[in-house]
Amino acid sequence: MEKKRLSFTIGDVRDMARRFSNWGRWGNEDELGTVNFITPEKTRAAAQRVRQGKVLSLAIDFDKNGPQSGFAGRMNPIHYMMQDGGDVVSGAQDWIPVLRYTDDAIIMPLQCATQWDSLAHIFFDGKMYNDRKPNLVSSNGAEKNSIVPLRDKIATRGVLLDVPKLKGKDWLEPGEAVYPEDLDGAAAMAKTSIERGDIVLVRTGQMAMCRKRGGWGDYAGTGDAPGLSLACAEWIYRKEIAGFATDTWGTEVLPNGTTEVFQPLHCVSLVHTGILIGEIFDLDALAADCARDGVYDFFFSAPPLPITGAVGSPINPQAIK
Amino acid sequence: MEKKRLSFTIGDVRDMARRFSNWGRWGNEDELGTVNFITPEKTRAAAQRVRQGKVLSLAIDFDKNGPQSGFAGRMNPIHYMMQDGGDVVSGAQDWIPVLRYTDDAIIMPLQCATQWDSLAHIFFDGKMYNDRKPNLVSSNGAEKNSIVPLRDKIATRGVLLDVPKLKGKDWLEPGEAVYPEDLDGAAAMAKTSIERGDIVLVRTGQMAMCRKRGGWGDYAGTGDAPGLSLACAEWIYRKEIAGFATDTWGTEVLPNGTTEVFQPLHCVSLVHTGILIGEIFDLDALAADCARDGVYDFFFSAPPLPITGAVGSPINPQAIK
Amino acid sequence: MEKKRLSFTIGDVRDMARRFSNWGRWGNEDELGTVNFITPEKTRAAAQRVRQGKVLSLAIDFDKNGPQSGFAGRMNPIHYMMQDGGDVVSGAQDWIPVLRYTDDAIIMPLQCATQWDSLAHIFFDGKMYNDRKPNLVSSNGAEKNSIVPLRDKIATRGVLLDVPKLKGKDWLEPGEAVYPEDLDGAAAMAKTSIERGDIVLVRTGQMAMCRKRGGWGDYAGTGDAPGLSLACAEWIYRKEIAGFATDTWGTEVLPNGTTEVFQPLHCVSLVHTGILIGEIFDLDALAADCARDGVYDFFFSAPPLPITGAVGSPINPQAIK
Amino acid sequence: MEKKRLSFTIGDVRDMARRFSNWGRWGNEDELGTVNFITPEKTRAAAQRVRQGKVLSLAIDFDKNGPQSGFAGRMNPIHYMMQDGGDVVSGAQDWIPVLRYTDDAIIMPLQCATQWDSLAHIFFDGKMYNDRKPNLVSSNGAEKNSIVPLRDKIATRGVLLDVPKLKGKDWLEPGEAVYPEDLDGAAAMAKTSIERGDIVLVRTGQMAMCRKRGGWGDYAGTGDAPGLSLACAEWIYRKEIAGFATDTWGTEVLPNGTTEVFQPLHCVSLVHTGILIGEIFDLDALAADCARDGVYDFFFSAPPLPITGAVGSPINPQAIK
C-alpha cells in the first residue's frame, strides 16, 4: 500500500480512481456504493455488541455559532420561531381554546454541520458514482445517488480510530496528514480490527483544538487542516468498509498533497469506491469515553433525513455501547 | 381506567393534568420527562432484541409534496440547490481544480414532516412541562425543554400497536377514537406487552387512507382525523412509557371530544406527564412487516437533530429487528 | 399589423422573433433592452406631468395569502419575526439598555408577487436577450441581463390601458385575448397616445375577478387567463415602449394560441425585443382613479431591488399623478 | 436648541421624548407619523423640481457581500436559483414546449441592506409610536405601525446634507457626532433649506471609508460609527421633516453619548416624534453628483414593499433630479 507519500499528480489520482473503483460492482442501478457492505447479518451482529446501554451523540450543535463562515455559500443554521412564548402571553393565540403552543423552523445548508455526503455530492472528470452524468442533478435535486436510498441502511458496527492519541498528542496540527499506517496503528492501539461493513470514525482532534482556542476560525474549508492523505484511498477500498467520518470540515488533509485536483480522496473514494463520507462529527466525548472503558467499537446508527433529491443530510449520529 | 368516554370538560382536563403529572418527579431541573424511563439497561436490552438485522425507516419523504397545507404557517420543506450538475458542466466551478460538486439547503418547519415534539412545544394554563413559564421560549428559542437534551436518549424498545388490524379494517375513519382497551387489545393481538421505557407506535391507518385516495387532503390539522382519545391519558401515565407516536398529524382524535380545549391529550400528557410525542410517522411498511413475521417489538433509534433552542425536530426513526 | 389572429405555429414565433428583434441595437454589451428608450428627457417630461401630487401603489400585499399555489416551485412570501413584542415584554432583550426592538425577515421567490422579469428570465431556442447563452445564469445567479442594471432606470411616463372598460365589462374572461386594436382602442378611449419610452399598464380585470369571487383560485399559472395575444408582439416592438405590465400572473392569454411553444410573447418580446415585463400588478385602484379624473397617464417609478444576479425583482410600483 | 452636548442621562432622553412627541397629533389611529407632512402639494412640488431627468439609486447591492456580520441575528441576503441556465441545457425543463426560463428566490432580514424602519421597529419604556403596546407585534407580525401604510406615501422632496464635505474631510471618523449646527451648516453650504415634509439624507462618509479600506469591517452595529447626536432630536422635531436617512448601519453616533439607553435618538425621534428613518443608504454617488452640479435637492421616491406585518422594508431609493 501507499505509505507516507506526500505528493500526487492528477495522473496518480486518475490511476487510483481506476484501481479502486466499485462502479458496476453492485449493478448499474446501484446507488448505495459501499453501504452495500452493511448486510442484515452485519447489522444484527453490531447490535449485539451493545453491552452497557450507553448512548453518545456525535453531532455538534446546529445553530448560528457553528463552523461555517460563508465559504462556498455555506452559512450556519438559521433557526426561527413561528410561534413562541411571547405569543402565548400576548393573546396572539386566543383563537385556540386553552392550549397554547410554540413552533419553529430552520434554514440551513444540508452540509453545514454534522452530515453525510451523498454519492451525488462529488463529480470527477464529469462523472459521479456509478458512471452517472451531471444532468442527473438539476435545480430540482438529484435524480440518482441522492441521500434517500440510505434512509434505512446506516446501522452497523462503528469503530473509533483516535489518531492523536496514537501519536501522543492532543490533536494533529493543521496540514498534518493521516496515513494508512496511522489507521492501522490506531486500530491496534484500540485492540480492535477493521471489518467489512464497518463505519470508521477517524479522530484528528481538530475540533478539540478549536474548543481549546475558543473559536472555529478557518475550520470550514478556508484554512489548513489535518485529515486523511490520498494515500488512504487504497486502505479504504481494500478494507471494504461501508463508510468513514472525521471531526473535520472536509475529511482530507489541507493542503491536499496535490494542487492539480482539489480533495482528491473524494474524487477517488467517494466517486469511484462509492464510500459513505461523514464530516464535522464531534468525536471528543466518544474518544474520552473509549479511553475510559477501552471499548473502541459500538453499534452505530446515523439515519439521514430522507429529503427528496438531497445530496447530503444533517445527522445526529449515535454511538451505542 | 377511563374507557370509551366520549366527551370531556375543561375541568376534566385539569383534573387529569393534576393526577397524571410528573412535575418534580425527576427534580426541578429535569427536561427529559418520561424519557427518564429509558435507562442504560433498557437500551441494552432493546438492542439485544435485534435478531434479523432488518432496518425500517419510519419517516415520510421530506419534500414539497408533503402533508402541509400552510395551516398554522406550516409549509412543506423547500429544498434548493446551491450548486448542481448544471454548474458542473457550465463552467461555474472552473475556479476549482478538477473536482466538481453539488450542494444544497433546506427551509422547513421543524414539525412539517416526521418529527418529535419537544416539551417546550405545548403550554397549558400558562405552563409547560415541569412548571416552566412562557418567557423561557422567546424568539431566540427555548431556554428550557428544548429538543436538545434528547440528543442521546432515544434508543429503546419500540412496540407497534396496529389498531386497524385489531379492528379488522384498513384504517380508522376520520373522527374515530382510539381508547385504552384498543391499545391493550392491539398489544394482546401482537402477543406482546407494553413495558416501562418503551416507545409505543400507534397506527391508525390514516396515512394508508391518504395513500389509497391519492393525496394528503386535509390531513394536516384541518380535517377530522382518527387518533388517541383523551381517555388514553391515564394509560400513558400508568404504563410509564417513554413516548409514543402515531401516523397522524396531531396524535389526537379530531374532533377532540371536547370543544373547551384544543388537543387536550397534549395538555395532560405532554405538559404534565412529560411524554415524548412523535407525529407523522409512516407505520405502514412496519405494520406489513410485523404482520409477516409476527414480531411487533424492536430496537428503536430516532435521534433528534440537536438544534439549539428547538421545540421540535425532524427525524428519521429506525425500527431495527 | 397582426390582428385577431387566433393560432400560431412555432415557425410563426421564430419569424416574429427575427422581425421584432433588438439584439445588437444598443450594442453587444447592452443589458437594458427597451429600457434604453427611457432617456433623461423622457424622465424629466414624465415628472412634469405630476399635477395633483397623488400617489397610487400598484403592488399587491406580500404575504402568505398571495396568489401562489406552489406551481413551478413558487410559494407565497414567508415573513418571520426575528424579534417581536413578546421578546420586548418577556425580558429576552434585557441585555440592551432601555431600548427595545422588533426585527423581521422574509423568504420569497422574487417573482411571487408584483414584480419585474429581468432579461435573464426567459430563453428561446437556447438564447436570452442579446444573443446570450444559458451558462451565464448559473446557481450563482445571472452574470448578464440581471435586474441590477435597471436599478436607476425605471422612472418614466406610465399609461393605463383599461381593456375591460373599453369592452364594457368588469373583466375579461379567462382565455380572452387582448389584441393590438384593443390596446389602441383603450388608448383612444383614454384620450391619450402611446409614446416611445412609456411603460404601458394593461388591465385585464383578472384581479378584480379574483376579488369578486373571493380567492386567487388558479390565477398563478395553472388556469386559463385573459392576457395579451402573441399578435401584440409587433405593436410592442413598433411602439418602442420601454415596458408593459399586466394584472395577471403571466402577461399572456392562456391558453396561448399555440401549443407548440409556451408563453410565445415572452419568447418574442422579452427575449428578442428586449422588453421589460411586469406581472401581478394591482391596477384596480388606479383604474378607478383614472375613470374618476379622466387622466390615464402619470409619472411612473418602480425601482427593482438591486439583488446581485437576480432574474426578477419584487417591486412596489408607484403611479404619481 | 441643544448644541454640542456630549452626554445624556436616561432622564434627558425621557424629557426629550415628552417634549418632541407627536403622539395623538394626527389622531389616535395614525400610523404614519411625520410622513403626514408629505401632502399631495408637497409631492407635486417635489416632482416639479425634476429638471435633468437624471436618476440615482441610493441602494447598496443586495447580496452575500453586504455589511451584515450576524450581529443581532442579521445576515446578508441569501439569493438562490430555483431554475437556472444549467437546467435550460440539461433537459430539466423538457416538460415545457420550447420556452426555457430561470427563476430565483431570496432569504433576507428586512433590514439587512438599504431599508426603512417602520414605526413598529422600536419601543421605549414599553411603548411604540402613538402609545401602542408590544402585544401588537407578535410572531404573526405588526398589527399596527407596520411598513404597509407607507406603501403610497414616500414621494417627496429629498435634500442631501453632506457633512464631511462641510468639514473638509472625506468622512467623519468612527465615534464622531453630527450636531444640529452641522445639519444647518451643510444646508447652507448647499445653498438650500430644509422644509416641512422633506426627507433629509445625512451623509457621514462611513460607507466611503469602508470602500476605501476594502471591507465592511464592524460597520453593522458592532463598532464605533459616525452619526447623529441625540442633540439632533429637537432639530428633527422642529423642522417637521417627514424622515431622514444616513449612510450608516444605525443612524446614531456610536458610542451613543449615553450608556443608560441604547440608540436614544430612535427612542425619541422614531418612537415619539414618529419620524421615518432610513439606514444603509449609499449616498456617495449622489454626493459626487451634487458636488458637480451644485443641486442638493431632488424628487425622492422610495416605496417600501408592502409586506404584511413588516417592521421594516428593503428599498431602492431613487433621487431624481
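Worth a mention:
All chains are identified by letter, namely A, B, C and D, in their written order; residue positions are counted from 1 within each chain.
As a convention for this text, contacts are C-beta pairs under 8 Å (C-beta built on N, C-alpha and C of every residue); 3 or more make two chains touch, one makes a residue touch a chain.
These figures come from a predicted structure and were not determined experimentally.
Over half of the residue numbers at the subunit B-subunit C interface are used by both copies of the sequence. Subunit C and subunit D have CA centres that are 27 Å apart. Rounded to a whole number, the gap between the C-alpha centres of subunit B and subunit C is 45 angstrom. The mean-CA centres of subunit A and subunit C are about 46 angstrom from one another, to the nearest whole unit.
Touching two or more other chains at once are residues 73, 80-87, 89-90, 92, 105, 107, 134-135, 138-140 of subunit D. In terms of inter-chain touching, the protein chains here all touch one another pairwise.
Against subunit A, the residues of subunit C that register as touching in their complex are 80-82, 84-87, 89-90, 92, 105, 107, 139. Those residues of subunit B lying in contact with subunit C across their complex are 64, 70, 73, 75, 78, 81-84, 86-87, 90-92, 107, 134-135, 138-140. Considering their complex, residues 10, 13, 39-45, 47-48, 50-57, 59-63, 65, 72-74, 77, 79-86, 88-89, 96-111, 120-126, 133-142, 148, 151-153, 155, 259-264, 266-267, 299, 301, 303-312, 314-318, 320 of subunit C touch subunit D.
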